[in-house]
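Right, one structure below, let's go through it.
By written order: A, B and C. Residues from 1 in each chain.
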Amino acid sequence: MTSPPMTSPPVTSPPVTSPMVSVTNVSKAFGDVVAVSDVTFSVGPGVTALLGPNGAGKSTLFRLMCGLTPPSQGTVHVFGVDARRNREVRGRIGLAPQQDALFDRLSARRFVELAAETHAIADPTEAAARALGFVDLDPAEAKPVGAYSKGMRQRVKLAAALVNDPDVLILDEPLTGLDPVQRNRMIRLFHDLGDAGKCLLVSSHVLDEVARLGSDVLVIAQGRLAAAGDYRALRSLMDDRPHRIRVVAEQPRALAAALLARSLVDGVSVATDQLVADTSDVDAFGRAIAPLARELGVRLREVQPLDDDLESVFRYLVERR
Amino acid sequence: MSDARILDRGYRAYEGSRSGVAGAVRSVAWHTVRSILGLGRKGRHKVFPVVVIVIGFVPAVAFLAIAILLGDFGDEVRPEYWEFFNFSVMAALVFTALVAPEAIVRDRRDGMYALYLSTPLTRPTYLLAKVIAVAGTLSIITAGPALLAFLGYTFQGLGPEGVVDGIWVGARVVLAGVAISVIYTAVSLGASSLTDRRAFASVAVILLMLGLSLATALMVDAAGMTESLRLLDPLGTPLEIPARLFGNRTVEYIDIGTLPVVLANLGWLLLGAGTLVYRYRRLAAV
Amino acid sequence: MSAGTSMRVVEPLRALRLTYRVVLAQLVTRGRLAALVLVGAVVAAVAAAVGVSDEIDDPLEAAVRVIADLGFTALVPIVALVFATAALGDLRDDGTLVYLWLRPMDRWPVVAGAWAAAVTVGLPLTVIPLGVASVLVDGGGALVGATVLAGVVAVIAYSALFLLAGLLVRNAIVWGLAYVLVWEGIVAGYGNIPARMSVRGYTRSIITSRTGVDLDLGDLSLAPSVIVPLVAAAVALLLAARRLRSMDIA
């Protein structure tokens, strides 16, 4: 009685252009609390970072994608079907959930083996050993995972998510509790998997982590999708906010005065060998700075945009609302 | 640089008055009562305690209604005050199994216990607050029905004659209710201190109180063993207190003197409290 | 796009076996076993006391009372309650249910496997002490047979009902205790309909019909008192599978 309806469409490998995960007009409310509000996006192969402050709705969005909870409105599809209904597609998803919950009385190898068995992997022992190898854990360790440290448990969770060689990997805050060396290793692993055509969705609220995960971001704030795409492209869309540019030069004071006089900057602060200018028109500034320096006889050493980074995007999108 | 300074850490010391240990005990006790009864939480957290309390009051209200309807003609069937304590044993038991684990097990599981010990509270004062909360809440269902009967009878002119007599009866009703609550509190907190999971604490309370009650009843009634075995029943023995206070004996304990009843109750009180204190002395505040 | 699009699914029987193994490993803890073995020993001890007593008018009736009052009002429902509510309820509460849920498996084998695990632990913890008790209490062969039959039926039914409860409400043990103590213990005595909605009514009927000793609630003949609880168990498991499909997973 619980088998999925026989009429459900067979899952086929979609053409390269069709998204692997698509979220359409999805809202999710828990009682009076709206956790996710009218979110639409789709993702394909590669690493996509889901970025947002704590409580923004990241985990809810991930749970929706995996079918762990149904949307109040809209549709969530993985390979064109609902993971809540379709047994087959659940075998193509790997999830590392946020909660620190494992079967505490099993060893790491047994835990990951169990994940492989419940994914109908032909050789669970071999698959478990391989997955544990990815995350740098020893398959021969007999200690139960209940006795593991937070970082080790985090890696056991990752190994279990990887063991079925999933096409879609959903990793909720996978880097918390890891030391910097492991963090680098995991980020490299994520990139390798993304390059191999897997779809990875990785959430984080730590900005420099996300910056290293890749340039594709989904920014979520208060349950709404605040932005999606390459964060450098996003930055250039934010034109109503002054960009900050540092100019290292001789005689910064003279240069600053000239920039102000020609209304190329909105504000400027000057130090002994450099100035930091705020401008709302980066292009005009960029075209004007070199000729101006030549005109003044000032030698430019360095012109560098200061806020072309993720943090400024994030601040703009999340904190200024 | 030698003139380094931290100007403002954004920290403000609390300058107001402090209520001290008594205030801390009061506050922990009150918050425990609130969490037991689901006060200040959504309706579904209140369902369970309310249902059990209502079930506990149903027999008393029914008897009271009949007694009042019959008025003076009902002298024959009108239950006496002490009998009201026996009408809702099962509800009281379920309530106890709900209350004690909620009061102490959750704190240990979610780390609040360690947090409490970082305040002016110590282990004894923390436990005191919990005992006050549990005994107070249990009194709703142990003393409540009898108190209701007392008020109802008095209001209908079926109660004690005169103020002095009224106070004397009322005092015994209250005393009996509190005594039962305190013994149930000790036994149930003692059992709850043995496990870190609320669910198993509930089961432990039930197994101990109901299991021993059933077992001793069978030993006496079915196996014909000595009636004194009933003193090993932590559910029934405290209920003998109101009977004795009103100069009666229940059928089950008819051959047992008052001194053994008092000693047995004292024994259960000490056993429960002792287990509780022993467990908490060994418990590290993590 | 990469490979890895093969359609792997776990066959139902295999899913059942996997769930069974995991849940069994999670259920069996030393503390739980020790406590419940102790309770079983108390039951057997009371039975022995009744068995050796020579102050009894009707030994069979006394024996039946021990088995029915101690065994089937307390031991069996509480043992089943502890393990069946934990079978899937613990996994749901601590967030590990996702490791059996987000898998290419059907729902019903998960429910069936968890239930089988609960029964596997519950049966020996109840039927063995009650069987021993029924021998010690000296009630004759009919009582031993009735006790074992009623024990098996009760563990099967209670486990299914409480497994469902574990998926429906958060503190299922407390609700289960209320059902056992208040519903079966009090309400069932007030009428025919509540009595028919109590497992206790059927287990007592089994004992009554096999031994001839009258018990409250025990007024059904043997066939329905075995069949109805089994049907109720099957319905509870079907509902549990439906619930597992429709519920939110942490």
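Quick note on the criterion: contacts are C-beta pairs under 8 Å (C-beta built on N, C-alpha and C of every residue); 3 or more make two chains touch, one makes a residue touch a chain.
Keep in mind it's a predicted model, so treat the numbers as computed, not measured.
Contact with subunit B and subunit C alike is made by no chain in this entry. Averaging C-alpha coordinates per chain and comparing to subunit A, the farthest chain turns out to be B. A summary of chain positions shows that the Cα centroid lying nearest the centre of all protein Cα atoms is that of chain C. With centres taken as mean Cα positions, subunit C sits 30 Å from subunit B.
One inter-chain figure worth recording: subunit A and subunit B are separated by 53 Å, centre to centre, where each centre is the mean of the chain's CA atoms. Rounded to a whole number, the gap between the C-alpha centres of subunit A and subunit C is 47 angstrom. Residues of subunit C touching subunit A in their complex: 1-2, 4-5, 7-12, 14-15, 18, 22, 25-26, 94-96, 98-108, 238, 241-242, 244-245, 248-250.
Residues 31-32, 35, 39, 42-43, 46, 49-50, 53, 55-56, 62-63, 65-66, 69-70, 73-74, 78, 81-82, 85-86, 171-175, 177-178, 181-182, 185-186 of subunit C are the ones touching subunit B in the complex. Interface of subunit B with subunit C (complex): residues 48, 51-52, 55, 90-91, 93-94, 97-98, 195, 198-200, 202-204, 206-207, 210-211, 214-215, 217-219, 221-225.
Subunit A makes touch with subunit C in their complex at residues 1-4, 11-14, 16, 45, 63, 66-69, 83, 87-88, 90-93, 95, 97, 99, 101-103, 105-106, 114-115, 117-121, 160, 164-167, 196-198.
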